[in-house]
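Order of writing sets the labels: A, B and C. Residues in every chain begin at 1.
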Amino acid sequence: MGRIWRFGKVEFATATAISVVLLLVVLAAGYTAPAFQRTVIESLIDLLVVVGLYIFIGNSGVVSFGHISFMAIGGYASAILTMTVQKKHVLLQLPGFLEHIQLPSLPAAVVAAGFAAFIAWLIGMAFIRLRGIALPMATFAMLMIVHVVAQNWNEVTGGRRALVGLPQFVGLWTALLGAVVALAAAAFYQQWRRGLLLRCSRENEVAAEASGIDIAKERLLAFVVSAFFVALGGVLFAHFLGTITANSFYLDLTFVTLAMLVVGGMRSLTGAFVGTAVVTIVSEVFRSIERGVDLGGFTLSAPPGLQEIGLALILLLILIFRRDGLVGDFEIGSIFFRRAKENKDS
Amino acid sequence: MILVQNAIDAISLGAIYALAALGVGLIFSIMRLINFAHGELIMGGGFTLYVLTGEPYIVMAVAAILIVTVLALAMERVAFRPLRGANPATLLIASFALSYLLQHSVLLIFGSRAMGFDFLGGLNQSIEIGSLRVPGLEIAVVVVTALLLLGLTLFFKRSAIGIQMRAAAEDFDMARLVGVRADRVIAVAFALSGMLAGFVSLYVVAQGGSVSYKMGVNMVLVAFVASVIGGVGSLPGAALGGFLLGIVSVALQAFLPEEWRPYRDAFVFLLFIAFLLWRPQGILARRADRERV
Amino acid sequence: MLAVQDLHVSYGSVVALRGVSIDVAPGEIVAVIGPNGAGKSTLMRSIAGLVRPSRGEIRFQDSAIAGQPAERLVAQGLSLVPEGRRIFGSLTVGENIQLGATPRGDRRAAAADMERMLTLFPILKERFHQKAGKLSGGEQQMLAIARALMAAPKLLMLDEPSLGLAPLIVRKVYEVIAELRKSGVTVLVVEQAVHVALTASDRTYVMNAGAIVMAGRSAELRGTPGFEDAYFGAGPR
C-alpha cells in the first residue's frame, strides 16, 4: 500500500476555528451570571465528550452505545485519586494503596483517563473483531454492565449513594482547555495516516480489507483514544459538580451525547461541534420555557419534561430530513482553502 | 423438587422472553432495524390497562393488544417509513430517539412514580399440581405462548403474506423483484410485533402489578439480547434465544451466591458478550451477519 | 415495448450510466454485452425499479416508468431475473415458484401456470418440497426463471443467466429462452458470454464504460469492423 498521507490543513483549520469560537464564548461568559456560566461549562464538557465519541464513531462509522461507561470510569477513578484519605476511609473500602493515595488534580485527571483508556484497550481487544450489529450490541452490554457494577460495588464507588466533596477545580478555563485539547486530538487523528485508513473502512469494509487495511487494529486504536477523551470528560464532569453518582452515566446521558453527535453530523468534526451547540441551545430554550418566559404580557411556560421531548423530536426530524446531520461531511476549515484550490485549478 | 420448581419458572420466563424477542426479531429480520422503541410498545400496553382499570379483564386485555398494534403501525408510518434505506447507524439512533421521546411523553403525562392496580390478580395464586405449587400466571403464560407460537408458525408457513415475509427477511430486494409489496410486508411485521408486545405487556402488568414510564426498558434489553443470541434474521432463533435467556436468568438467580445477586444483570450481559464473541451470528442464523456490501 | 432514452445513473459521485438509449420491440430477444463494469447490471436495475436514474426516460408499453418502485413494475408485466439467481434458499422450491405469482390476482390462472412451470422444468417438480438452497447452480437458474415467469411477464429481463454455469446447462437455459419467445414473451438479456448472446438474440447492444458503443443485428455484428475495439476498448471518448 502506498502512502496516503497529506498534511490536514482543513482539519487543523477546523479545530482552530472552533477553538476561537469557544474562546470568544468563554470570554463573553465571564461577564454573565453564574448560572449562565455553569451552562457554558457544562456544554464545554459535553463537547469534550462528544468529540471523544466522534473520534471513534465518526471515523469508524460504528455506533458505540457504551462510551458513557468510560466517562463513569474516568470520573470515579479521578474521584478516588483526589478524595481525602479520611473521606475514603469513611465512605469506601478500598485496598491500602488506593485509600492512602491523594493526587493533585492534573495528574489525577491524566491517570484516571489513562486508566479508562487501558480498560478500553482490554475490552476493545475482545470486541473489535465483532462485525455488523454485534459490535454496537456489545457496547450496549458494556454500558449495562458498568452501570450495574457502579451501582452495586459499594466498596469502590459508594454504590447508589453519591460520592460528595470532590475537589472542584473545573471552571470556564479548565473546561475550555479540555475541549480544545480534544478538538486538536480529533483533528490530528482524522488526518493522520491511520485515521484515514479507518475512514476508508467506514465507507466500504470489504474494499478496505481487500486493500490490506487491518480494520480491527484501526478500530481498536480509535476506540482507546476516544475512551481517553470521554473519560477526561467524566473527570471534568465529576470535578465540576463536586459529586459523582452512578445514575448519571446511563441511558439518558448516552442518548443526549449521541444526539449531539448525530444532529450536527456524525462524519465531521464540525458536525460534532454544531450538534453540541444546537442541542445545548435548544435545551436551554426549553428549560427557560419550563421555568416560564415573559413574552410582553403573558407567560409562556410548560411542564417540566418538555425539554427531553423537544430534543428527541428535533433529533428525529433532523434524521428524517437531513440524514447526514446538519452539516453532513462538511468541515468548516475547508472554506479557508477554497480560494487557494480555485486558483490552483484554473 | 426445588429444581422442578425452578424449571417451571425458567420455562415461563423463557416464554415471555421469547415473545419479546420475536417482536424485536421480526422487525430486525425484515428491515435490519433494532427497534429500541419496542419497550415503549410494552409500556403502551401497560398504560392502556391502567387507564381501563375496573373494566372486565377481557376488555382490558383485548383493548391493550389492539391499541399496541395500532401504536406499532403508527410508529412505522410516522418514524420509520421516512427513514427507509438509511444507514444502520441512523436507524439505530432514530429508534433510540423514538424510545426516549415516548418514555418522556408518558413521564410528562403520568409522572414518574409507578402506579399499582389490579389486573389478573387472581392468577397470582398458586395451583397445586402433584406436590408442586405453580403460580397460575406461569401456566397461563406457557399456554398462551405455545398457542401464539403455533399460530405464528402456521402463519409463516401457510399464508401468502407469511411466505412473502420470509422471503423479504432473506432477501428484501429480490422479494420486491417478484412483486412483494414492501409497504405491506413491513406493516404486517410491525402489526405482529405490536401484537406480541401487547401480550408481553399483559404479563408484565399481571406479574408486577404496576406500570411506570420505564417499564419497557428491561424487557426490551432482554429482547435484543435474546434475538441476537438466537440468530440474525431467524425467527425460530429469536424464540429459542428467549427461552435460553429465561433459563439462564432463573439459573443465575437460583445459583448465584448471595453477595453476587445484585450483579445478576451484569452476569447476564457478560454471558451475552461471551456468546457474541463465540458465535456472533447467533445460534440459528442461516447466513453471514454482514451488512450488504 | 421498452424504450430507454438518455438514461443517466450515478451511485453517489460515481457515474454508472451516461446517456444510455435502447429499444426493445415486442417479441424480440435483445442482448446487451460488454466488459465488466460497463454498467449492464445498472441498466437492468434501473429499468426494473431498484435504482433511481438521475436523468432520462424509460417507457414500458408506452407509459413512463422511471422511478417507480420495483414491485409495481412486476405487476405491470416487467420481470427481472437478477445476477446471481438469488433464489430464496430458506424457502422450498414450491414456495419460490408460488412467490413468483405474488402480483397476480387470478388464483386459478396462477395455479395453471405453476403446472406449466413444472412441466417445462421437470427437475423442479422432482425437488418441489426441498429447500431451494440445496439446488445446483443450473437448477437454481431454472427456478429463478420459473419464478419470474409465474408473474406472466410481458418483458423478461435476465442479468447474466450463464454466469457460473456449465456450457451444457447454459445451452438448456437458452433453449428455454427461445421457447419463451414462442409464447409471446419479449426478452432482454445481459450477457458476459459473447458467443452465446450473439447466437441467441435478434439484436445486440454493446456497452462500455456506461454508454452504448455499438448496436446492430446479432448475426451481422461479429463481422462488423470495430466490433472488437468497441467491446474491449476504453469506451467512448
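To be clear about the criterion, a contact is a pair of C-beta atoms (placed from the backbone, for glycine too) under 8 Å apart; a residue touches a chain by one contact, two chains touch by 3 or more.
From a predicted model like this one, the values you see are computed outputs, not experimental measurements.
Counting only chains that touch, the fewest steps needed to get from subunit A to subunit C is 2. At the far end from subunit A, in terms of centres built from Cα atoms, lies C. A count of contacting C-beta pairs for A-B and for B-C identifies A-B as the more extensively joined pair. Centre to centre, using the average C-alpha position, subunit A and subunit C are separated by 51 Å. If you average the CA atoms of subunit A and of subunit B, the two centres end up 32 Å from each other. Computed from the mean C-alpha positions, the centre of subunit B lies at a distance of 41 Å from the centre of subunit C. The touching residues of subunit C, when paired with subunit B in their complex, are 48-50, 69-71, 74-75, 79-80, 82, 86, 88-91, 95, 98-100, 102-103, 147-148, 151. Chain contact summary for the complex, subunit B toward subunit C: residues 160, 163-164, 166-167, 170-171, 173-182, 286. Against subunit A, in their complex, subunit B makes its touches with residues 28, 32, 34, 79, 82-83, 86-90, 92-94, 96-98, 100-101, 104-105, 107-108, 217, 221, 224-225, 228, 232, 262-263, 265-266, 269-270, 272-273, 276-277, 280, 289-291, 293.
Those residues of subunit A whose C-beta lies close enough to touch subunit B in the complex are 57, 61-63, 126-127, 129-134, 136-138, 140-142, 144-145, 148-149, 151-152, 204-206, 251-252, 255, 258-259, 262, 266, 303, 305-306, 308-309, 312-313, 315-316, 319-320, 323.
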